[in-house]
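What follows is a pair of complexes built around chain A, which joins chain B in one and chain C in the other.
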Partner chain A sequence: MLRLFQKVNRKAKKIASSGPKQVPLPHAFKDISSSLADNEAYLRQEFVDISDIIFRQFYVAEVKFLAVWFDGLINNRVSHDIFRALMLDIPEGQLLEVAKEKRAELINKSFLPFYRTSQVTDLGEIKRWILMSKMVLLVDGCPSALMIDAEDRPQRPIAEPVIEPSVVGPHDSFTENIRINTALIRSRLGDAMLKSEDYIIGRRSNTLVTLLYVADIANPKIVEEARRRLSRIDTDGIIDSSHIRELIQDRAYSLFPTMKSTERPDIVVADLLEGRFALVVDGSPQVLTAPSIFIEFLQAADDYYINPMVAWFIRALRYMSIFIATNLPGIYVALVTFHHEMIPIPLVFSIAGARETVPFPAYFDALFLLIIFELLWESSIRLPRVVGAAINIVGALILGQAAVQSNLVSPTLVIVIAISAVANFSLGSGYALALSVRVIRLAILTAGGILGLYGIALTSLAFLIHMAGLRSFGVPYFEPLAPLILKETKDTLYRSPRWDVTDRPALIAGNDITRDNTPPPAPPTDNSSSSDPGSKKHSRRGGR
Partner chain B sequence: MKRIIPALFIMILPILFYGCWDRREISDLGLVVGAAVDQAELAGKTGVEITLQVANPVVMTAGQGAAAGGGGTGVISGMVPFWTISETGETIRSAISKTNYRIPRHLFWGHNRVIIYGDKAARSGLVPFLDRITRGIESRDNNFIAVSKGDAGKILELESPAFQSTALALNSIFLDKDGWQGILAVDLADFEYRLGTGITSPLAPVVEVIPQTSALFKEKQAGLINTVAITGLAAFDPDGRLVDYFNERESMGLLWVMNRVKNREMTIPHFAGGIEEHISLRQVNAKSKMDVSIGDDGLPVFEIKTQARFDVMEHFGASRGLSDVSVIYDLEKMAASQMINEIEAAVKRSQQINTDVFGLGEEVQRQLRREWPQYKEHWREIYPIVNVTIECETRIRDRQLAVEPPGSRTEGAGQ
Partner chain C sequence: MEPGKISERQLAFLMVTVLITTAIFWAPQLACRAVEQDAWITAHMASVWGILSVLVIIALARRYPGLTLIEYLPLILGKPLGKIFGALYIFWFLSQGAVIILQFAYFLNITLMPNTPTAVFMVTVIALCFYALRSGLEVWARVNEILLFIAVLTIVAVIVLPFDNMDFSRLLPLADHSPGQLIYTSTNSASWRGEVIIAGMFIPALASFRHTPRNLIISVVLVGFIVAAVEISAVAVFGGVLTGQKEFPFFSLARMISIARIFDRLEVLIVITLLLGTFFKICAFLYCSTLGAAQVFGFKDYQFLLLPLSVLMLALANNFFRGIPDMTDFLTHVFPGTALFSAELVIPLFLYLIAIFRPLKQVKES
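Presenting the complex of A and B:
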């Protein structure tokens, strides 16, 4: 297993190292000295009081070498290989023949069987490479050091998507290792126009962030804006991609997500092909893509892997479910409290009969149940897996049933809240949106309880106005719908077959708008059949 | 943050407003499902007696109120699913107010379905009795209106083994059987519209309490032997006073012309070899047209053309016939003549009591816009003497699953 992943890893490295690595973050420049002792003293001083760093000295033909790395971040087998190559394979004469200054270059050129190495002349950079889990090799008498990428951090294997599972389509998901993640994307998008730029963000964490975009599709202005926002970040540590998202997204105080984070490589590739950029953050299994529009959060990867007509239905279901999830409890409370005449007669009797013995107003009932639901939701996440089943029983069976039997809530309300909760989780791949819906539902419920349907209309309108004003990297949040771009509703309101969705989203992609030139499937034209009508007839007859 | 915290505060604050002075939840309401209005004598003056049917939902919900769910008649447990309460007053509103002394809930009219007027009130003119109903913000235009030949209150008080609430039972009848035979559902909006024209006579179905023939001995003992039925139509004059009643046959004729017939069924005699058999038909669609022209005497002449299609529902007999086209033609003719008879009866009756229930006046206004003003003032004198010709065309569409009765024989044939 491990070997397989290393393969993937290496493949990724090979491709990635073909371009110049951009390291834009400033650091303290201190030129490397040609005396190994000086350099070692400097590094030892920098890494003082650190127990898990390894300084390994060795001599080859009387030349002193020093390898520095953090224990555990370099593959043991690989480090063994390195030492073997250096200590056993270098012909001593050759090493002594070259000028002292060229030793590092010679080793790099001829004796380091590794994909990614580079020569470094700055002690500050050396220090950072060591911190970023690389091995650095210093050679006595040579004013340049070698960075060897033999990185092998603790990592978990590629697993099934947890947050955005799908029935059909690819079943791999990102891991915490940025190289695996970029490899998963690269392996799906073999295009030289897929550019990647590295950023090292976090004064203390030195986290590697890779900006990916397809150069001849993406809007250069949007990419430039992404660069600008990334380079503006000045923080001490990036632990997860969500930190990056919070630092660069448009409206931090909005309930609605304006950057999508996904754990599915296929979604990232699709987004890249639509002209979006992606941010892969080391240590995070979630890749960010932007610009993001509202509709995206109501779509799932499955939509594109199943029959388009079915996808059309499922999307309609989801649009309905966001309405149910946000509005249903509010509408119920509004009807029961204010608009009694809007409930059909038989229903009004059963609701009134059921509510007869309930002591609290409908609004507090609904609030009570919703808070119970939110508690269950939260506790089922936080609870250790082993105890999870217990909470399910308590939550589903005991709380619901007992609350009704003890007349705390009305049974109709239990149904309403349950439907709303179910709808909440059928919103597509947007877990971010599912989180927002929780809050929106509460707001609409309160408005419905105070002002009835009028209040619900008012609140919905307020949310709508807010959303219509949102932008994600300059792209209107309600893009194809507001502003209305009829052509693009093919992939939003419904889903046309792929050959029909000819264009990329115009407001997102900057160039190369045409995505698909496949002619629509058609039966053989008259031309082909009439070219030899006789033989066709004949063959038909012959067939009988 | 500076903006968010006050915003959150403002959002949370209204929660505290909830549950204040004017909160009125569904369970606090007395849902009125039907009302009956009668004229009453109040210390020598005429007043109003109102009877309300109010739902008591807690009895209806299963699992609550013990055995009440199975009760049906409401006799079993102490609580009944519907209260019927009666009060008198100078106005409808004052009578309704008085019921508040005896009902522990807030009366809510949003779910009222039926308003029944007593014969006495209807004859004295319905206009004053309609005001409160149309003025109230909770009442609806789609409430059905009906007239009771006797005391309207008695209708709502009726206890029957077939239903819990007379009002809801009438509501179901009107929804389901509107246009069937002589039943015409009239809602407040229809009634008000006709009243507003000043020439067309408003109509309202007649509700009567009739014995339920299938009553069991047990039910007879309990006195539950009656049910309600729609037995015709009440014709009002354009000022809202009840003039007279149309019987069922006349109502059926009226419905053809009003284009309100739906699923009308009729049975036609059929002679096969000298034996009288019967064939039942059901109408599937029908369309009436009225043409107005000026006759030689200067009065408008009306030509009513009605087309209808029927399905054969039943052939009650043992002989063959329906496979024969000439029999079908005969049936069509018989059905058409029956329709003509019905329509004629309705026209005659309406002219006799001088109520323009067909809207003939409006038809003149529509078709002869220029001539109308000269008739307008005298329409009530003209109406009884105008000429109406009736023409009916029928088609038999379908014989459903069989052509002939099972095992029927042609005379002489061995088959």
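Presenting the complex of A and C:
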């Protein structure tokens, strides 16, 4: 009875400990035995039929050691260092002097030149560490083992962002390694309030997921909700951050992304500073941030690095481009089919002239061309690079020119679809919205073909209502517009200079709303300014 | 009963949408038919009736905080009579909604797509209303908040842009009709303005109440100004008599717009934007009838009544009138009686009078 009680007590302690939280809460707890042979037998049985695991036994002063790791996940040079430290550098006398139970502790304290090690007493945990590409060292006679973080997984170096390139901003992007990713974030945000929590998610994949948030900015309720949703996950494998997104986002079915995934550390840092949380998933070069609002998907990192007034213009351009990308083919079909009178007279003749030889109704025409465009898009992603040129020729020449010449489609329509396609790619950063737009465009095209402009208005309204009803971790998706918060349109509808955007978004950030106290830039107040810029009067605002 | 909360601004915006959308299509024609160039005066007089409605509904809401119009009816009239009146109100909401749907469908049929049967418009719009109401009051109130800006901008554009055809001497002689005639005509316009009474169904869902009396009065007066501006503009362009003969003066006004001689026919766009407003008006009435029905019959939730009542409203809309002349006749002669002189002003006024003489203590007991 007492033993049972102790066991329960220990379990409780373990769950409360500071290490990564496993989701779902995992294995049976099984203590390490003092006999190395028992432990080895257990591990060998757990890892039976695995060829790339290494059990390395060695003796130091007649004490048996066992190191276990997966081949390839630990750098050869590093493991060499470990063995050198253990086999050659330990004074044998000292090892024999201490009590058997204290040996692991001694080695950990004095003879392991590795920055991250820890003592483990649970065999289940040992197994997990080995699976998570760590090395585990067992000492005979000692009821605890050592976890040595000598991880060196195959990885690629930090590269330029591929999906969200930027002209003037930073040029680094996340990689597949979670530590590099968190380091990229942490190096930009040197604040002790940037907290991180580790989760191990996936029954089989044991994927490390780190939740990052700035404790005194983020809304504690939202962070708690994120924790709750993370610990609700019960799945076998997480391969990419998008899997996490699908499992924890708000609405089960929606065309619109309610969590942003980005490959740019600067965007993640900006989001953290606005009170959002970030989820870094091991093995994924995309970091998730939430709560996300719709307008974010129409913004790009560059907006914040160029002249604000130019950024304002570019944002207006993007709002236009989402309208064009979703509506233009539909409007064209509606005008040609139902409302000819709206087209300016000179234009109506040329359109009618071009359409005269085309046998199909405008809707089928547009649908045909749109589907060809989608096919081209899809094939240009999937095709092997070597045959790229062939598709280019087929796409541009045959489908464009020849389709018009053979009277399959009207030339005006080719222009309409082309403009819509161009607009599709000039939306803000991130690929998610561009993908949704493809489907929305098709829906609106169909509505325009059936009910004209009335159908388009109705469908757009339906999408609008759907979007206004979405929430991202409790924050209304259409936030500064619906509900209307005039103050926050400063950084959404247009872009004010940084000194003017004094507040963080109120619905996202929980506390510490003020982000900027800088007074507006102004010329020096007295006339002798230009002569001596170094004088104390002018450095009143902390110099330049 | 309503789980969502809306802000005071959202309610004010919603009321502007409700008051303006159908009124702007039908009121100028009816007013000009009766009093020609003096129509704009009746538009302002109608605001006075509207303000009366606002005052009554606010007074009632103050006396019974947290309750909707349907909920305090039994407290004022006693349970049986209150329930009967509640049912009548639901029927009124439903029939108003049906008339609006019909107006919507007829209008689209005449101006945009003459070959499409009206049933198509009715079914599609009520389906979308159903979807919007399923998403909750908060959601469609929010969307209305954005779209009202666009709608008001369009209206202002239609009022201002035909300026090269305007001749303001057509507004003379000023006040040519007798005050009695003007007041009688204003009751027609006021029947649309009095629809502000449905605020009584939304007030309990407000997050705060402080500015609502002011907001509602401003909404009513603002709508009065916009309708008057449309009437002035239409009379200045077409003259008083011709405006009264046009089917939709506002639409004809939009047809006069010509930008740089290239964009001549913008009325379709204008119609579309304004129809979005009509959509929210249908939503508002459908919402009132479902919420009211749930409250009259004492259900805990109103969402499940949405489908049957949408279908009912659709059925009513399909069977109300035989055609446009029938509807115009209804709007001129019957509408003020069913709206302003019963549901919108007179009944609430009586309710308030009874409520004053009925001590609140007794109310609390029941």
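The rule is simple: the second predicted complex is superposed on the first by the 500 of 544 C-alpha atoms of A that agree within 3 Å, B and C clash if a C-alpha of one lies under 4 Å from a C-alpha of the other, contacts with A are read in each partner's own complex, and residues count from 1 in each chain.
The rule we apply is simple: a residue touches a chain if its C-beta (ideal position, glycine included) is under 8 Å from a C-beta of that chain, and two chains touch if they have at least 3 such contacts.
The shown structure was predicted, so the numbers you read here are calculated from the model rather than taken from an experiment.
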**Prompt:** Now for A:362: first (chain B), second (chain C), both, or neither, which partner does it touch?
**Reply:** first
**Item:** Touching partner for A:341 - first (chain B), second (chain C), both, neither
**Value:** both
**Request:** Considering only touches as defined above, state whether A:443 meets chain B (first), chain C (second), both or neither.
**Result:** first
**Message:** Tell me the contact category for A:351 with respect to chain B and chain C: first, second, both or neither.
**Reply:** first
**Message:** Going by the contact rule set out at the top, does A:253 touch chain B (first), chain C (second), both, or neither?
**Reply:** first
**Asked** In the superposed arrangement, what residues of chain A touch both chain B and chain C?
**Response** 341, 345
**Request:** Spell out the part of chain B that touches chain A in their complex, as residue ranges.
**Result:** 3-4, 11, 14-15, 17-19, 23-27, 29, 31, 33, 55, 57-61, 64, 108, 110-111, 113, 138, 140, 168
**Asked** Where on chain A is chain C touching in the complex?
**Response** 338-339, 341-342, 344-345, 451-458, 461-462, 464-466, 468-469, 476, 478, 481-484
**Asked** Given the complex with chain B, which residues does chain A contribute to the contact?
**Response** 253, 336-337, 340-341, 343, 345, 348-358, 361-364, 443, 446, 449-450
**Prompt:** Where on chain C does chain A make contact in their complex?
**Reply:** 7, 9-10, 108, 112-113, 116, 120-121, 124-125, 128, 131-132, 135-136, 139-140, 142-143, 145-147, 262-266, 268-269, 272-273, 275-276, 279
